[in-house]
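Same chain, two partners: chain A is paired with chain B first, then with chain C.
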Partner chain A sequence: MRRDAATAGPVLALVESARIQFHLARRYPMMIVLNVVQPLALLAIVLQRTDNGPRALGELLISVLLTCYWGNIIWTAGGVLRRDRMSGTLARTLLNAQDGRLIIVGRCLGAMVTSLVTLAITSAAVLMVAQRPVELPGPAWLAMGFAGVAISGTALGLLLATALLHSRHGVEITAALMYPVFVFGGLLVPPEAVPAALRWLSWLISLSWARDFMVHADWLAGLGLILTTAAYVAIGARLFQRTLDLARKEGTLDLV
Partner chain B sequence: MRHAIEVEGLTRRFGRGAQEVVALDDVSFTVGAGEILALLGANGAGKTTLAKILSTLLLPTSGTARVNGLDIVRDERKVRACTAVVFGGDRGLYGQLSALDNLRYFSVLNGVGRAGLQARLQGVLDEVGIAHAADRPVETFSKGMKQRLHIAIGIISQPQVLLLDEPTVGLDPIEAQRLREAIAGLRSRGVTVLLTSHYLLDVERLADRVMVLGNGRISHDMSLPEFVRQAGYAAMVVITGSGSAPRTSALAAAGLDEAARSDDGHRWEVRIRIRQWSPDIFAIISHTFADSVVDDVKVEQVRLEDAFAAVTGRAR
Partner chain C sequence: MSERLWRLNTAHRMGWISFFKEYPPKILALTAIPRVLLQSAFFVLLAGVVGGFAAEKFALIGVMGTTMTIFTVTSICDVPILEAQSATFYRHRVGIVSPFAALMCRGVPHAVAGMCAATLILSAVAPATGHSGLVTDLLAYFPIYLLMAVTCTIGGLTIGVLSSPSDNQVLASNLYGYLILILSGAVIPVERLGVFGDLGMVLPMHHGVAAVRAALAQQPWAMAVLMEVAVGALWITLAWASVAYRVRLARVRGAADHS
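== the complex of A and B ==
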């Protein structure tokens, strides 16, 4: 009576985790706020100014998308484990025949791709209605940029999901994380408008690098995106393992 | 007999210093392959802690445990690949998703491969009797249906060891019986089952062996027939009648216990505990009630509750 574990490899587990998160995210009311209401509001403000040319509008569009995407990272990917804890599915998600990190990465990836696709559809619909020409980087840059953003969002999701699992106040912390990045992340508020002593904060935020990469076609910014993402992965994976080890040792996390 | 579970000197403590609680204290036992072992004990006896350790959710403080020869600490992933845990209850499922989506997701996490997955999903849902509701959101399910979905998730990966914690809790008698039949079916496939339940009917219908935990230690470990004998009697004869109540002093003189008596002036009931059957018993009862109007005679089998009360009373 051996199960065919060999065929249920990491790829299938990753894909299935992403698929289930897509189905869960579709039913998550916050998705409407983050991917429809918020981009609509921000784009309406941006489009009110008629003196923005196609290039400036393209830059603002990317900034709006990434700002809304940040909300998705912290609320959907960052909340994956917190919500599993609430529904009592944490033990099954973390402790099974697969590597728990892989499952969380799959879940975060599912959340991030769902959010990017929904944001892209909302933005395209708004621009079509507004009938304003937009100049975006070439398709290759855009594709690389969005792939980088999806991967980076997934990595940050792993880190935040694990970090927020430690606290009973995950919702409050998530809400508090929203605005510092809006202000200091270099996405909507230009870095020049931020006090010089605080500008370095945007270096820690991968989306800030991603914006520069897509808007200015800057390879150096691409390197920044890769390095910050790698740091998120390293810290997230380590924190995840420590959390799991501690949970099994101390009997915490309400694993059942 | 090959051992599916081997536990040696297992101890688990929670907290430190004055706050320390010993949930399991030097517990050792084995479970043979294909055996159904019922784990009994009062609340806080250490049953769930033991199930959590064997399912790798908790680490032991000391001692060792092996499942199919695999160490639960060193080979945790391999242990999970051959073990399924069903803790049951309302939680542990994604309520917004369908039963099929839940089952598919947890199957893949538990190592079920893509080959034949769809057919297997359908087959298991059929087996536990919820195939008709496969596409319905789980939040619309009754408690019994959720419990059956838990069982489906547990058995779809064809585990060699199944840990069941209160599998029939909250189910109506028909649902509970259906579930017992599904679990009994696993025995015929050679699955080893560790069953934790407060419902002694589950134990009576399913278990080969009974182990009783008290204060984190094993107080009794015996076969089901031996456990039943711990009740101290073989059966209960219940005689009801009308008119004046019989005088039963002859029963005690013949060594039979009158366990209880009720008499409202019109109808009476006498309960006689039979320690061991013998042909003389019928003669004694017949003689004792010869002058009474007897309406009904029933023979009740030993209640497992009495056996449990007897052993836990001794364990205290």
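== the complex of A and C ==
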């Protein structure tokens, strides 16, 4: 018999939240845009170059995956609470028997894993149709890299989902957050293609470290991924507490 | 001013009011303008990564058109959708100005915003990516971009009307925008698209972008402009038919709006 998530342990609450988000994500139209349409468009552009060897193609593929994954972080995970507010279920998400952070983390994790799996399927299908040989990093590097990316995306999801509650223009802000990382994140556009004074911006983006970790098998980049993710967690948790204070103590933020 | 013109102008003013509700000046400055600049810069730089400086130049000409879709497709789709969600479409059905004319008037701000986006790209992204030489050349062919803004707005409005009764408006508008980006020959040369290139011929911007490229290469471009006008006529017919269909459905089903 399944125990009620409210009275059960944190692990069950986390799993149930992830499961709920998985079901919600399937009905979210942006999922198709971000995980099928956008990777198809970007792959159509980068596959124009036919002189790429299997290794270079593998690097491009990982860059496309991570670029599209950024879109998933901001729209799918970052929009978790914004959509809850629209549906009138925000207060139930944030204020229940379990810590609200746990619920959001579970839901962001569900969204991120769903996105990664869908993106991988789309990319594999495109490469099969294009019949281009591709050489990917070893399975251990890929497994560690994508596990790190899922955790980092979840941490960023907590941060963005909470931050976007503070504005009524969440959709416009989310749309504006997309391309700064596309350009300055060091993913598809190499850092040397942007002005030297702005290259440091990619250091703030965990996906940039994750790319270097997987593509160059660089442990130092792995450390960068861990540090940026830890920073997202710390800022996200602090912002969450501040948001709850505004809603419950100071009464200046609507939860419905 | 005749009474009919006054009514159309009122619908047009409503369009501006709702546009600035969606994009208040602060949101416009902090989100929409950076998005225009960075989205266009991304596709220009990506083209450069794939094909070098020549590919960047090629992409810049196209991206000036396709970046307009932020306003001429994605945001204009919200116009009929908001009417449906707010249950206000019946007001248009019973009004003196036809629903089709009212929606067209309300699309004007989005076409203007699209042209402002193209101007921004020309004045900021072109010099920043090392293509200052293109600025004066492209300025001469700005009327063609204006035509593309109009055809694309009509296309976006049609997609909004067709998708508004369902929950798929986000998917429809984004899919339409990406189809224009990829199949218009903006960033990928049409000859590399194979059979998909033919599909792009019925989409806005395909012929307009081709006309600008031909004009820059000192080749005949008038026919491509006429083809863009023809595509615009096709989409305006489709827009009219889809609005008429929605109105008829609302009357037959007795619904107050077209949801």
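Basically, the second predicted complex is superposed on the first by the 245 of 256 C-alpha atoms of A that agree within 3 Å, B and C clash if a C-alpha of one lies under 4 Å from a C-alpha of the other, contacts with A are read in each partner's own complex, and residues count from 1 in each chain.
As a working rule, a residue touches a chain if its C-beta (ideal position, glycine included) is under 8 Å from a C-beta of that chain, and two chains touch if they have at least 3 such contacts.
What you are looking at is a predicted structure, and each value in this text was computed from that prediction instead of being measured.
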item: Partner chain(s) touched by A:L24 [first = chain B, second = chain C, both, neither]; value: first
item: Partner chain(s) touched by A:P139 [first = chain B, second = chain C, both, neither]; value: neither
item: Partner chain in contact with A:A91 - chain B first, chain C second, else both or neither; value: first
item: Partner chain in contact with A:E172 - chain B first, chain C second, else both or neither; value: second
item: Which of chain B and chain C A:G251 touches, first, second, both or neither; value: first
item: Where chain A meets both chain C and chain B, residue numbers; value: none
item: Complex contact set, residues of chain B against chain A; value: 14, 48, 52, 55-59, 76-77, 80-82, 85, 87, 89, 91-97, 101, 104-106, 108-115, 153, 157-160, 189-191
item: Chain A-touching residues of chain C, taken from the complex the two chains share; value: 22-24, 27, 30-32, 34-35, 38-39, 41-43, 45-51, 70, 167-171, 174-175, 178, 181-182, 187-188, 192
item: Chain B contact footprint on chain A (complex, rising order); value: 1-9, 12-13, 16-17, 19-20, 23-24, 27, 87-89, 91-93, 95-99, 103, 248-249, 251, 255-256
item: Complex contacts: residues of chain A adjacent to chain C; value: 29-30, 32-33, 37-38, 40-42, 44-46, 48-49, 169, 172-173, 175-176, 178-180, 182-183, 188-190, 193-194
